[in-house]
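Two complexes, one shared chain (chain A), two partners (chain B, chain C).
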Partner chain A sequence: MLATARPLDTRFRVETPEGIDLLLRPAGLVPRALAFAIDLAIRGLALLALFFLLGALGQFGLGLGAILLFLINWWYMVLFEVLNQGRTPGKQWLGLRVIHDDGTPVGWAASLTRNLLRFVDLLPFAYALGILSCLSHPAFKRLGDIAAGTLVVYRDSATERPALPETEPLPPPFPLSQGEQRALLGFAERREQLSAPRRAELAAILAEPLAVAPEQAEERINRIARGLLGPT
Partner chain B sequence: MRLTDASVAIRPRNAWEAIDLGVLLARRHRGLLMTSWAAISLPIFALLSLLLWERPSWALLLFWLLKPAFERLPLYILSRALFGEVPSLGGSLRAWPRLLRPQLLASLTWRCFSPTRSFELPVQQLEGLTGEAHRQRLAVLGRRNSGSATWLTVIGMHLELALWLGLVGLLYLLLPQGVSLEWDWEQLIFAEQHDGLWLEHLSNLLYALVLVFWEPIYVACGFSLYLNRRTQLEAWDIELAFRRLRQRLTGAAYALLLGAALLLAQPAPPAWAEAPVDPQGPLAERLLQQPLTSKAAHDAIQQLLDQPPFENRKTVTRWRFGADAGDEAAADQGDAALVRWLEWLLELFNGGYLVQALEILLWATLVSLLVLLIWRYRDWLQTFAGRLGLPQRRPTTAPSVLFGLEVSPESLPEDVAGSVERLWDEHPREALGLLYRALLSRLLHDLRLPLKASHTEGEVLALVAGLAQDELHRFSRTLTTCWQDLAYGHRRPPAEMKTELCAAWRRLFPAELPA
Partner chain C sequence: MKQSQFEHRHQTAWKRFARQLDTLERGKANGKGCSEFAGAYRQLCQHLALARERGYSNHLVEHLQQLAMRGHQQFYRHRSHLGAQLIGFLLGGLSRLVRQEWRHVLAASLLFFGSLIGMGVLVYLVPELVYSLIGPEQVSAMEAMYDPAARRLGRFGERNAGDDWMMFGFYIMNNIGIAFQTFASGLLFGLGSLFFLLHNGLVIGALAGHLTQIGYGEPFWSFVIGHGAFELTAIALAGAAGLRLGSALLAPGRLPRGEALRLAARPAVRLVAGATLFLLIAAFIEAYWSSMTFASPTVKYLVGAGLWLLVLGYLLFAGRGQHAPD
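== the complex of A and B ==
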């Protein structure tokens, strides 16, 4: 029964009205907890510094401190998320960002909702509900995320141009789908990470369809990949 | 192991995503993982608690040390489930004693404290490596992802604590008020000496329950990290794609033949060019995942376009000339008439009639505006015309008749006093009338009194008084009284008045005396 089920994946597909699939990668508990810990530490340090700074001002400093405590506690996350493309310093550090469920940048309403409901996630103690929700939801949402319709995803980093072996390009001898082209290119790109026997083993799989001897398959695949890449 | 049977999407991920995949994997098999974990760990926990009833902390420590032994079962289940062979609960429980045998001592002692325990467990259990080979293998695998495995363990420790505190807090919140009032924090802390042993065992039990939830996830995360590392090292995703490609190309005989033929010839044109409907093209059905597919949307749009706001069919009835044969001809004629009218208009412009008419119209407008302006400010002009040097108009024209009496100078005789003296005896009325007329005429024309036809005799007297000429005033008063007495009262004036009045007249208006 499970064999027929769709393979598990961490990617979350959002289809836009234009029919374009956006691939989002929701972030799970561990990086989010670390990001939260970083934010907590930053807030703690800021409050400590304020405590010493405002302590010198006496009664006035006490009032000012209360206002700043409120601001830092309730608005730190919201302001950073809305004004900094969904990234608090902790999330920025770990390559995360907050977005709406449909992939659009997070707005005031959603950000306020998810951060005010943080206090539901805190229940009954030490984020127990939030942890349970995050570990049980397929997109790793805590209760605030479910209510606000937001998603914490990994940011896409800029991809580096991969280096392909310098060989004579060869057109593919048979039509290839996009996925198959990617696999051929990936084989050529990732040859540095693979051991030589493993490369030979992988290439030998395609020796028969390519109609070459297994020893020459690797070279042939590299040339086809070069051809697929086109002139550079 | 057959990669084509894998129930997860195999591709190289970053370490955090690999951990996330482990969470999803544990979520899919959660029922089996949690029940099997509970089935082996809870009886042992109960046994330990009973044996060490007096020392709950020791029981907890021993239970904690046994965790690596329990962890082998979820890993076994997950490794089978990954390739679609999910074992039954009974089967996995029966397999557990067999899993325990290899390297149990190492697991329970020094490897128990490794921060990357979850990541190392598959190497030991699934690859069965020992000693030097195990160490080398870990060195290779641990070049990447081991940092994340450490963080996983750190977060896991805090998470166990958080969940345990959450459960304790929940229990405390659910206590009836009466019970909680009796408690004292001091008593709770130092309960060991007294009868609080069951309380410690209760908290131990809560910890065991937390582990039922968390440990399978922890093992699954470590397992998926291990899988990810091997996917990177051995390019499992590429192997999978190559095997599928090979199956596609060699699976069918015609493909083989074609492939062999095409190898010698040119590369084949893309296969999708021959398809009747381009699957990527605009005509292909799209948005199949959404409630509104592209086909449904297209149909709905067509239906809407056939309906009134877009398709305006209406019947228009109007009068036409009888000569018009048909719609087409009528339309043509209408156009022709319009053209003629335009031409006529152009001629008008060129001929200059229209221009002239316009010029006249404009001048007329200007003149009427000026007139209107003067009319509007006529009072102002009247007031200030003198200052502006305009000739002063005579304010009033002297009336020629007052009280039915002719007062124009022309109607009077040359010698008024002589005429009066002559008439006095026979016609006293005419005589007094003449004198009074002559006075009024003099007042009007010589003294320029503004007399009007509506003035009465009394009013005339008052005006005369305003002239401040005593003699004239006295004479006028006497004459008026005599005239009123005679005219309205029919009383003859005394005879001596004749000489008095005539003398006064001659004194007042001597110019009329003949030279």
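== the complex of A and C ==
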């Protein structure tokens, strides 16, 4: 796991049989609580609608209502998670999904386990045990997640290809390590997201090793990055 | 190889793989597209490893990583044929599981049935004891329910066909909810399951003892004996599942507690699924058979005894002598 190597990184590493590492980003307490609140509201509205609809049907409606109440109370999460790729409406809204610890889609047994054990996470009041467990676990698992071996992660969204500045490519002045190479490329790729003064400030750090004046450091880094990327 | 050359060379393969993933994710894949999928996925994994190793830019690595993640999700599925699994589970999976977990099932049964019978006998001998456990209003409500003068039996006395259906819904909601709670609270080192098993055992036992003692025995026993076979067994099974979780936390053996819990949860949740099925059957019997008054008590006792034998026979003998389904 990455946690020991890079203490600030919460990413969860899963090695696949192909010998690559999948990096998952577990979701913390706040987005999960929000997703739960949305699901709670949806269920509340559904029950309210049912109450009025089935109230008109008399005793048949009451029986059906009791069964539906049971389904919504205990099975809403399970059905959505298993049939909708690990996403209840609330989780979908917040870009979350439930998966097994090994990165595979969540199945019936695991989903049922984590949602039945929600009853304990709710104890003694207002999700107290669940919150404590979530805050103290490196992958933000509540008790139900620990028992079921599941994980709530962020869904990845496709990113736009960043445009590197059009400059004259330049070979690096000295051999670069892999990390340095990625840092330079990362700087060039993320220039759109940074303000000009911040870019200049960051680039100035490298002015000395690159042997240029601090004002020219940014241009120099962009050229080296372009050189690393190769001809387009 | 420079990154741009690498991208240029494999761009089309990645796009094709992404299209394949789209069709798979929407569930519209046909056989031909799938036959190439495994190879394409392996190749993508190799590209990802190369891109990481050569220090290519974050964007490219991230892009490949997303594709690999989606591919992994499609490739490694615990795809289950739910219907076939359910039938296999009913035909022997459940009873094998119960026998395999016999220690916890036995402990839960002793706790539940022991407290039930013990309390029943106590209340029968010392009638006032019933009020130490149940309030007077509730006791008189139960008395009204099983009054031999009533035409129909069970909760809510007088009923018609619509009521039967209503009660069916009510039993499902109420009883399965209790079973789920009994299971889940086992996570509190088994204490919750212990509480629910004892509490339910004591209350049911007290009522049974009390009603028998005041002479309402026949309507009560003829009412409960049929569905009791499934309902009481189901509570014991749910309790056993909870105790399984609790004992994994208390005595994890050589595993870390989290891991022990994860391993214990798998059989436990299957036991709960079995309890749920039992409770569905019980709700059906309770709503449509137990409450009928056209059958004489003798018939009800006979049917009830048959159901108890059926449940015990199923749990003890079903699924023996054959291989587990592959």
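Just so it is clear, the second predicted complex is superposed on the first by the 207 of 232 C-alpha atoms of A that agree within 3 Å, B and C clash if a C-alpha of one lies under 4 Å from a C-alpha of the other, contacts with A are read in each partner's own complex, and residues count from 1 in each chain.
Here is the rule we use: a contact is a pair of C-beta atoms (placed from the backbone, for glycine too) under 8 Å apart; a residue touches a chain by one contact, two chains touch by 3 or more.
From a predicted model like this one, the values you see are computed outputs, not experimental measurements.
Q: Under the stated touch criterion, which partner chain does A:136 make contact with: chain B (first), chain C (second), both, or neither?
A: So A:136 only meets chain B here.
Q: Contact-wise, after the overlay, does A:200 reach chain B, chain C, both or neither (first, second, both, neither)?
A: Neither chain B nor chain C is touched by A:200.
Q: With both complexes superposed on chain A, which partner does A:10 reach: first (chain B), second (chain C), both or neither?
A: The first partner, chain B, only.
Q: A:230 contacts which: chain B (first), chain C (second), both, neither?
A: The second partner, chain C, only.
Q: Tell me which partner A:147 touches in the superposition: chain B (first), chain C (second), both or neither.
A: second
Q: With both complexes superposed on chain A, which partner does A:42 reach: first (chain B), second (chain C), both or neither?
A: neither
Q: Report for A:186: first if it touches chain B alone, second if chain C alone, otherwise both or neither.
A: both
Q: First (chain B), second (chain C), both or neither: which does A:69 touch?
A: second
Q: Applying the document's definition of touch, where does A:19 land relative to chain B and chain C: first, second, both, or neither?
A: The answer is both, since A:19 touches chain B and chain C.
Q: If I apply the document's touch criterion, which positions on chain A are contacted by chain B in one structure and by chain C in the other?
A: Dual-contact residues (chain A): 19, 179, 182, 186.
Q: Please name which positions on chain A make contact with chain C in the complex.
A: Residues 16, 18-20, 22-24, 58-60, 62-67, 69-70, 73-74, 85, 99-100, 102-105, 107-109, 112-113, 116-120, 123, 143, 146-149, 156, 158-159, 161-162, 178-179, 181-182, 185-186, 188-189, 228-232.
Q: Give every residue of chain B touching chain A within the complex, in rising order.
A: Checking each residue of chain B against chain A gives 5-9, 13-14, 16-17, 19-21, 23-25, 27-28, 81, 84, 86, 148, 151-152, 155, 158-159, 161-163, 165-170, 173, 213, 217, 221, 232-235, 237-239, 241-246, 249-250, 255, 258-260, 262-263, 267-268, 270-272, 286-287, 289-290, 294.
Q: Name, in rising order, each residue of chain C that touches chain A in their complex.
A: Interface residues on chain C, with respect to chain A: 2-5, 25, 41-42, 45-46, 48-49, 53-59, 62-63, 65-66, 68-69, 72-73, 76-78, 80, 82, 162-163, 165-170, 172-173, 176-177, 180-181, 183-185, 187-188, 192, 245, 258, 261-262, 264-266, 268-270, 272-273.
Q: If we count contacts the way the header does, which residues on chain A are in touch with chain B in the complex?
A: Within the complex, chain A touches chain B at residues 2-3, 5, 7-11, 13, 15, 17, 19, 25-31, 33-34, 94, 124-129, 131-132, 135-136, 138, 140, 154, 171-176, 179-180, 182-183, 186-187, 190, 193-194, 198, 202, 205-206, 208-209, 211.
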